[in-house]
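To keep things clear, I will list the structure first and then write my remarks on it.
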Amino acid sequence: MEYVIEMLGIRKEFPGIVANDNINLQVKKGEIHALLGENGAGKSTLMNVLFGLYQPEKGEIRVKGKPVSITNPNIANDLGIGMVHQHFMLVNNFSVTENIILGNEPTQSGKINLKDAEKQVKDISEKYGLAVNPSAKISDISVGMQQRVEILKTLYRGAEILIFDEPTAVLTPQEIKELISIMKTLIKEGKSIILITHKLKEIMEVCDRVTVIRKGEGIGTVNVSETNPNELASLMVGREVLFTTEKTEPKPAAEVLKIENLTVKDSRNVTVIDSLNLSVRAGEIVGIAGVDGNGQSELIESITGLMSSESGSILLNGKDIRNQRPRKITEAGVGHIPQDRHKHGLVLDFPVGENMVLQTYYQKPFSKRGVLNFKAIYEKAEKLIKEFDVRTPGSSTLARSLSGGNQQKAIIGREIDRDPDLLIAAQPTRGLDVGAIEFIHRRLIEQRDKGKAVLLISFELEEIMNVSDKIAVIYEGKIVAIVNPKETTEQELGLLMAGSSRREAGATT
Amino acid sequence: MNLTRYFNIIVPAIAVLLGLICGAVIMLITGYDPVAGYAALWNGIFGETYYIGETIRQLTPYILAGLAVAFAFRTGLFNIGVEGQLIVGWFAAVWVGVAFELPKIIHLPLAILAAALAGALWGFIPGLLKARFKVHEVIVTIMMNYIALYLTNHLIQYVLSDKGDKSETIFASASLSSPLFQELTDYSRMHYGIFLALIGALVMWFLLEKTTKGYELRSVGFNQNAAQYAGMNVSRNIILSMVISGAFAGIAGAMEGLGTFQYVSVKNGFTGVGFDGIAVALLGGNTAIGIIFAAALFGGLKVGALNMPSEAGVPYELVEIVIALIILFVASSYFIRWILLRFKKEGK
Amino acid sequence: GSSGEKDNAGEDKKEGFSVAMVTDTGGVDDKSFNQSAWEGIQSYGEDNGLKKGQGGFDYAQSQSDADYETNLNKLVRQKFDLVYGIGYLMTDAVTKIADQQKDAKFAIVDSVVDKPNVASITFKEHEGSYLVGVAAGLSTKSNKVGFVGGMEGSLIKKFEVGFVEGVKAANPDAEVIVQYAGTFSDAAKGQQVAEIMYGQGADVIYHAAGGAGNGVFTAAVDLKTKSPDKDVWVIGVDRDQHELGEGDGFNVTLTSMVKGVDVAVKDLAEKAKGGDFPGGEIIEYGLKENGVGIAPTQDNLSEDVIAKVDEYKQKIIDGEITVPFE
Amino acid sequence: MSILHMLELIIPTALFVAAPLIFTALGGMFSERSGVVNIGLEGLMVIGAFVAIVFNLTFADQFGDATPWLSILAALAAGALLSVLHAVASITFRADQVVSGVAINFLAIGLSLFLVKLFYDKGQTDRITESFSKIDIPVLSDIPVIGPLFFSNGYITTYIAILTAFAVWFVMYKTPFGLRLRAVGEHPMAADTMGINVTKMRYIGVILSGAFAGVGGAVYATIIARDFSHATISGQGFMALAALIFGKWHPLGAMGAAIFFGLAQGLSVIGGQLPLLEDIPTMYLLITPYVLTILALTGFIGRADAPKALGTPYEKGKR
């Protein structure tokens, strides 16, 4: 069997760390080959080497059997290698077409021939079933469409081998389904795919073979048909992993959060939350399920005071906190694990230690008469770092240099430690490996068991189903159904999220 | 960690050295005598106690202007308006200095306070516009500089004098001038303001690094979204930052008005101190201690250079070139660090 | 280069009376009063066989107004026998240093410092301006003339008032448009002001705007180049600014109001050398003292106008006309 | 004075005052659009002004009428050359771009005055004799109303400046080069993965900014100042920067902002002669342009979004 890509004995060092050490990866033509490993195992690095962004210290790369030296992305492009990056490489204020043709523009006497380009984009997108609007601006389109643009970029350049770095981490279930069918089309058209994902289910569903790496070292390659998720997980982590989180029965008590008739309009004066009602009791986890863009972000931002609302009430322990300043709301007992950890969750240029007191810096013992008490701050930070297993060289390391998983753990530690009556967790496990996910889920359930109210927002149905005690389905700014996770199926939820009523969805009760 | 500290000292030192060497090379190429040139420079700074006094006098406003720029910088704002804030501070200090005669213990602090308030007001406007309307502070501060210039000129002519070109000299009770320093330095204009500048540096360091407010200001500077998430009032902190920055600049103006000149006169153009403050702040790495050293270097070079044309026939501008090169080398410290690391590795 | 200071320091010190000046930020070649003063000092030095440098004659340039005192002090320390501060901006600096250095002799140009060791030199700019005002009033065809000032202040006011009086005296029908550029250095502003004035129909503009005045010349030269049959004139200030009005085959400089800073500076140095230093006194240079006047280059003035100007000049010298200055 | 007459007086002067700012702001746009802050525009204008004047004085006899054109070309080259320093420091050595720009400003003024003293042994140059003259644009200047306002009595350089703004707009928004340059300033890593050489694009951006600012300085010196001294360029570079931001980093916006500055200044000059305004102190007229700018920004121009990657050195693989 011929390999389209062979990476043999690859070693890549960064100052002070060996990111890849003697890794082998062989991809057959026409297969979907998974690359699996914990956060920081070295997957992205290996792919960046293949794509020509990094130069390896050692090792050989062969494309279709021929040894090659890929010193920059242009060479990778010429060799037919295309990459869809973990963090999208899109220029936000350019149009879809402009992003696709960038660096390879069709011209007519020096001028970009936009018409021609748009037609080409249209042709390719039709051929592979990648629906996009060629003239839309990136900042105006959904994440799913952005990803399709990324794929189109590689196809436009005639890529034969496509690398997907964690493509599903940012997608909604619907979008994931679409992506999977796109990948299948691509294979049918004769392409080969390398897929990085933390979701074992996806690997089992679409992949042919899987290569596992752990802490920068290659562990081996197995056929998907000959393995199972448990084996993959223990290969990658090096120990047994539990998948369904152990949970006792919830003991719901007093109502902590009660939202009545909440209406929110966005900056363009469009109603995004429409007389929404929701209640979360102490001792229970309420999961919000819904397709992205149905008002989840606005709901969280109105509860936490980051956005102002038109009307209705948001009662926390009976007191209205609607349109209060964030500080007031935090002090009233709301904890918030934000959706975007870089934008809201952390000051990346502060040390981890200072990030640990982001909301409490002005309180005793961290501040006395307006002066910070660094001793107390760093003691607290050290304690949280230990307790929440944040892997960092130290509490004075800048938050920026932590991996996503560890940044997330730091935020969760900080929020849980404040012991809020209501903990809002927005996509708390996005992009994390199974080990980290397990850890975070356990922490959320622990809070519930301590008698706190937890509101969980996630696009991962599996997460919602596993962790929540109650699922509220949000659709077009309204809670359209409340279901019991034990009595529903992903299919039913999916339909509810798409807007069909409970009866239509064929509820079992 | 130790390496960082070592670099923080050695890199600027190397930059200064490189700047001076380049200056010497330029003198050689253009037919001047570098030894004589630098000797004249040295004498112009240290040759007599008078010159030492003048150097300290010169670096005093530089420290404060540098602090003003740095304070804004550290909180994510670029204050090009230090010049204008300095001008209004100068004016306000002198106004208070000539308008009343009060006991020194009240009068002097009052005049300095007026300068700080005027500068703060001049910073408040761009801060407010930035916070409320998201107007870019760079343009507004540039415009405010010109407004400050023309407005104070007008007020000097029509309020502080009768269509004259300058104000009266301030009352002694508002003056920073120091008979002691004057005696020590043979009648230089060195004044007590230097203490104020040093205290200013201490204040900035303490405020930013040690206080709760400083933590907020830095958070807003680095990440407004996270600051808002954490319950901080972003708008208020932006305004506060510009106000404090402006107050530093205003006090720099008081140094001129109450110390160096003791009056304020109509200006044909900018004093340049505010713009030099940008260089001082950046050279000092936007830290309080760094700014003191950078200001000393700047003050020394500027005062010492006055001696170069007469003593060595070297144009004054040579020093400007040297200063520019030093800034450039400090800015390119990545390169110097890289070379140093090479050396260290090979040494091992 | 350097040179020359050491070898003559010894001998010249005894008999040579050394002089030096501090320029303002305009510098020694500002084509204006600093340059004029330096020419006076050079001429004095040459006449007396002095060399440039310590013990002879020299200047110190100020980079900012904070340097005035440092420079004055420095020159005193270098033992110059007489130190000039050039320009009214230096009033306070001279006052202060004169207090500190009671044994040194100082002079200030364009301002008054009441100290026993300072001689003050002032000029009756209004008288000179009056004369060019007469020239302008008689030369204008549109009966509209302009005055462009630099920055408002009592000094420039003297130019303005004198000029306006002169125009009115010679041509009561003429209108004078007065505009201040707000700057002594921004030539663009001067040009813009002048273009608009010419556009309004003025055909003669007198400027007292330093570097901004260069823009007035630029405007006139370019207008003339474009429409050669149109009459536009500029009256220069401080020095004979004839060369600034040079165009391709024409010159737009009507004349200039000259201020004899060089004459005054040299005059004072000679006096002081002869042991007759007028410390504590104000020496006013007017038409009578030949300290101000109309430039020798008068090619563009008609015979009649020149005759008329001379007539007025005599009247002022004789005290028949007293020119107001504020 | 009728409104039309007033406009006839103000507009031509506004245009010539704007021309140097237009060139310089366009230059700044190339640099900033590629992601490199250029606060050194002032210094680049200084060098342009200096070289143009020195060239003009030196070669006027040889080249005659072509001298001003050639001196502008010389200034273009000099500006480009000096900007290489900014490029090396801020792109290759990853210097703080603001610091490097400030250094350029100091260096330019120091170096040019140093050289003036060296060449001429005095603090400022003589006045040049060869400059541009005013022209009427054939045909267009005959259009009633508009002709006298916009197409008469202008300097050729002003018209070139305006045409250049349109040309730059074309380059920025219609050509591959423009697309790539903007991509580099918005998201350099994305551009890198598309095979665009980020470093090269940024060098080009910065060097173009030097070339344009050099021309801006040369136009100012050749047409307006006509000599070179320490005060020739004093703040115009910062005004150009303001025009660039005011114009939202858009070529035509920057041009509009520069002309706005010119108009506001013209208004302040003519204000002194308007019946209603003649008694108000000159100060109010002097601050008018600046106040108007602030009001315009606050009132209806609103926020401007800088290129996303502006000010951040690009390091491969940095998160």
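Labels for the chains are A, B, C and D, by order of writing; each one numbers its residues from 1.
Just so we're on the same page, a contact is a pair of C-beta atoms (placed from the backbone, for glycine too) under 8 Å apart; a residue touches a chain by one contact, two chains touch by 3 or more.
A quick note: this is a predicted structure, and the numbers were derived from the prediction, not measured.
Peer 1: For the interfaces C-D and B-D, which has the higher count of C-beta pairs in contact?
Peer 2: B-D
Peer 1: Cα centroid separation between subunit C and subunit D, in whole Å?
Peer 2: It comes to 34 Å between the two C-alpha centres.
Peer 1: If you average the CA atoms of subunit B and of subunit D, how far apart do the two points sit, in angstrom?
Peer 2: Subunit B and subunit D have C-alpha centres separated by 28 Å.
Peer 1: Taking each chain's centre as the mean of its CA atoms, how far is subunit B from subunit C in angstrom?
Peer 2: 35
Peer 1: Where the centres are mean C-alpha positions, what is the separation of subunit A from subunit C, in Å?
Peer 2: 75
Peer 1: I need the residues of subunit D touching at least two other chains; which ones are they?
Peer 2: Those would be 231, 234, 282, 286.
Peer 1: Enumerate the residues of subunit B that touch no fewer than two other chains.
Peer 2: In subunit B, 150, 153, 269 touch at least two other chains.
Peer 1: Identify all positions of subunit A at which a residue touches two or more other chains, and write them in rising order.
Peer 2: none
Peer 1: Can you give me every chain pair that touches, using the contact definition above?
Peer 2: Pairs flagged as touching, ordered by label: A-B, A-D, B-C, B-D, C-D.
Peer 1: Touching subunit D in the complex: which residues of subunit B?
Peer 2: Touch list, subunit B to subunit D: 26, 30, 78, 80, 129, 133-136, 138-140, 142-144, 146-147, 150-151, 153-154, 158, 269-270, 275, 278-279, 282-283, 315, 317-321, 323-325, 327-328, 330-335.
Peer 1: How about subunit C: which of its residues touch subunit D in the complex?
Peer 2: Within the complex, subunit C contacts subunit D at residues 25, 27-31, 61, 152, 177, 179-180, 182, 185-189, 191-193, 195-196, 199-200, 211, 214-215, 218, 222-223, 225-226, 243-244, 246.
Peer 1: Quick one: which bits of subunit D touch subunit B in the complex? Just the residue numbers, please.
Peer 2: On the subunit D side, the touching residues are 85, 88-90, 93-96, 98-100, 102-107, 109-111, 113-114, 117-118, 231, 234-235, 238-239, 241-242, 245-246, 281-283, 286-287, 289-291, 293-294, 297-298, 302-304, 306.
Peer 1: Taking the complex as given, what residues does subunit B use to touch subunit A?
Peer 2: Those in contact with subunit A are residues 210-216, 218-219, 222-223, 225-233.
Peer 1: Quick check on the complex: what are the subunit C residues that touch subunit B?
Peer 2: 1-3, 25, 53-54, 58, 60-61, 63-67, 69-71, 73-74, 77-78, 88-89, 91-92, 100, 150-155, 157, 182-185
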